[in-house]
Amino acid sequence: MDRLPDTELVLVPGGTLITDTPEEGRALAMLMARHTIHNIQPDLDVLKEGRKTYASDPDSLIASSQVIAIEFQTIAAANNYWRKA
Amino acid sequence: MDRLPDTELVLVPGGTLITDTPEEGRALAMLMARHTIHNIQPDLDVLKEGRKTYASDPDSLIASSQVIAIEFQTIAAANNYWRKA
Amino acid sequence: MDRLPDTELVLVPGGTLITDTPEEGRALAMLMARHTIHNIQPDLDVLKEGRKTYASDPDSLIASSQVIAIEFQTIAAANNYWRKA
Amino acid sequence: MDRLPDTELVLVPGGTLITDTPEEGRALAMLMARHTIHNIQPDLDVLKEGRKTYASDPDSLIASSQVIAIEFQTIAAANNYWRKA
Amino acid sequence: MDRLPDTELVLVPGGTLITDTPEEGRALAMLMARHTIHNIQPDLDVLKEGRKTYASDPDSLIASSQVIAIEFQTIAAANNYWRKA
Amino acid sequence: MDRLPDTELVLVPGGTLITDTPEEGRALAMLMARHTIHNIQPDLDVLKEGRKTYASDPDSLIASSQVIAIEFQTIAAANNYWRKA
């Protein structure tokens, strides 16, 4: 097993939901989703195999984008939607 | 690999969740969902192949529309539902 | 390709999330979900083919009803749940 | 085609999201979800056929219960969670 | 048909979303999800058959846990997240 | 049957949704999701078998990450998004 480094297992990278911009918030949403999966499956070899499948399967891509949308709801609310930004 | 241009990879096009109208907010929801997928799979050839499948599969279309609905929840809340618009 | 007319592609028909009654809000939820799909797949022939499948498949019907439920959450919140109506 | 009567097509039966009790709110959630499906598929024969399948398929039952959970979120919020009830 | 007793069909057991603790709120979430399914399929024999399948299928278990998560969102909000508890 | 110990069946480990940091909140989200599944399927042997399947199936991993995202929405709201943390 090629175990991911610990930095890839941090659940909330940066330790906060607050970001300066929507763009950074969205990037955090993607990162948090990915790190959740790293915590469930920390074997890089398995993850790489899986990527071959899901990254070219439209339904998997749609499902992935839904997870990001849900994570982003939380982050956007945390930042009051960056209304004054 | 035919990599998407950088403009297609911006996570929050325009850099804000605030829009003038619900119509523009909805368009942003669609754009954000699409750009998330671009970030997961930036190869245009793979995306074009996928489109052939999902765009004529009712279940994929329903799943896609659900992602847009979720993105729109966030954008609509950010804009206080355009109540005075 | 038998392209849908432009009216079928408006993302937020009526241009507002505010409706007089819950019934109208629910109808708007259905319309918005449908028009999202029209924007992803504007070919009426493909949509008609898809309908044959999903409209008699219980799982597709359940999935469709979930999208409407999510859209309605947004519209109901926008209208403060029509509490005084 | 054995078309459902109009009463089965009302999107928000009773015309309001406000109910006296959580129990009634939950019943409304079930009714609204069902009537959405009636609007997508108003042919009673097709619905009856579908029921044979989904009502004994655990995954379909789980998916159905999720739709009810989402509808109920909206109705519970509309009623301020019946906190004083 | 071995019909479930009426107590298994109550949609909101206890008649309120308010609970003393998060633990009880979570238990209510599980109960409400289960009773929704009982209302769609009240035949105990069919439910027992289904359980054999879904309780050992990881995807069904994940789907079930998602329904509980959604129900719990509502109950937690109703209880102001038991912040003072 | 190799039944899980009672500690693995606590629905809200720690008895509160309040945590000091987002990282701990996220860990709680994962724990709550897992314990829900333990309550539905308390047989460790069955769970171990299931893990072999879902932990290397990208779609199952995506579905799992979605459940965590939903649980985290609740916990983040409970903690006012750790805005002052």
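Each chain gets a letter, A, B, C, D, E and F, in the order it is written, and its residues are counted from 1.
One rule holds for everything that comes next: contacts are C-beta pairs under 8 Å (C-beta built on N, C-alpha and C of every residue); 3 or more make two chains touch, one makes a residue touch a chain.
Here the structure is a predicted model, which is why all the values come from computation and not from measurement.
Chemist: Which chains lie in contact with each of chain D and chain E?
Modeler: Expected: no chain.
Chemist: Moving only between chains that touch, what is the shortest number of steps from chain A to chain C?
Modeler: The distance in steps between these two chains is 2.
Chemist: Taking all residue numbers at the chain E/chain F interface, are over half used by both copies (same) or under half (different)?
Modeler: Counting shared over all numbers used gives less than one half: different.
Chemist: Quick one: report the Å distance separating chain B from chain D, using the average Cα coordinate of each chain.
Modeler: Measuring from centre to centre gives 29 Å for this pair.
Chemist: I'd like to verify one number: the distance from the centre of chain C to the centre of chain D, where each centre is the average of its C-alpha atoms, in whole angstrom.
Modeler: 17
Chemist: How many angstrom lie between the centres of chain A and chain D, each centre taken as the mean Cα position?
Modeler: 33
Chemist: Which chain A residues reach two or more other chains?
Modeler: 59, 63-64, 66, 70, 73, 77
Chemist: So that we know how the chains sit together, what is the shape of their touch graph: line, ring, star, complete or other?
Modeler: Chain contacts: single closed ring, each chain with exactly two partners.
Chemist: From the touch relation defined up front, give the order of chains around the ring, starting at chain E and going on to chain F.
Modeler: Starting at chain E and heading to chain F first, the ring runs E, F, A, B, C, D.
Chemist: Per the contact definition, I'd like the list of chain D residues that touch chain E in the complex.
Modeler: Residues of chain D touching chain E: 21-23, 25-27, 30, 55-59, 61-66, 68-70, 72-73, 76-77, 81-83, 85.
Chemist: Which positions of chain B touch chain A when the two form their complex?
Modeler: Going by the criterion above, the answer is residues 10-12, 15-18, 32-33, 36-37, 39-41, 46, 49-51, 53-54, 59-60, 63-64, 66-67, 70-71, 73-74, 77-78.
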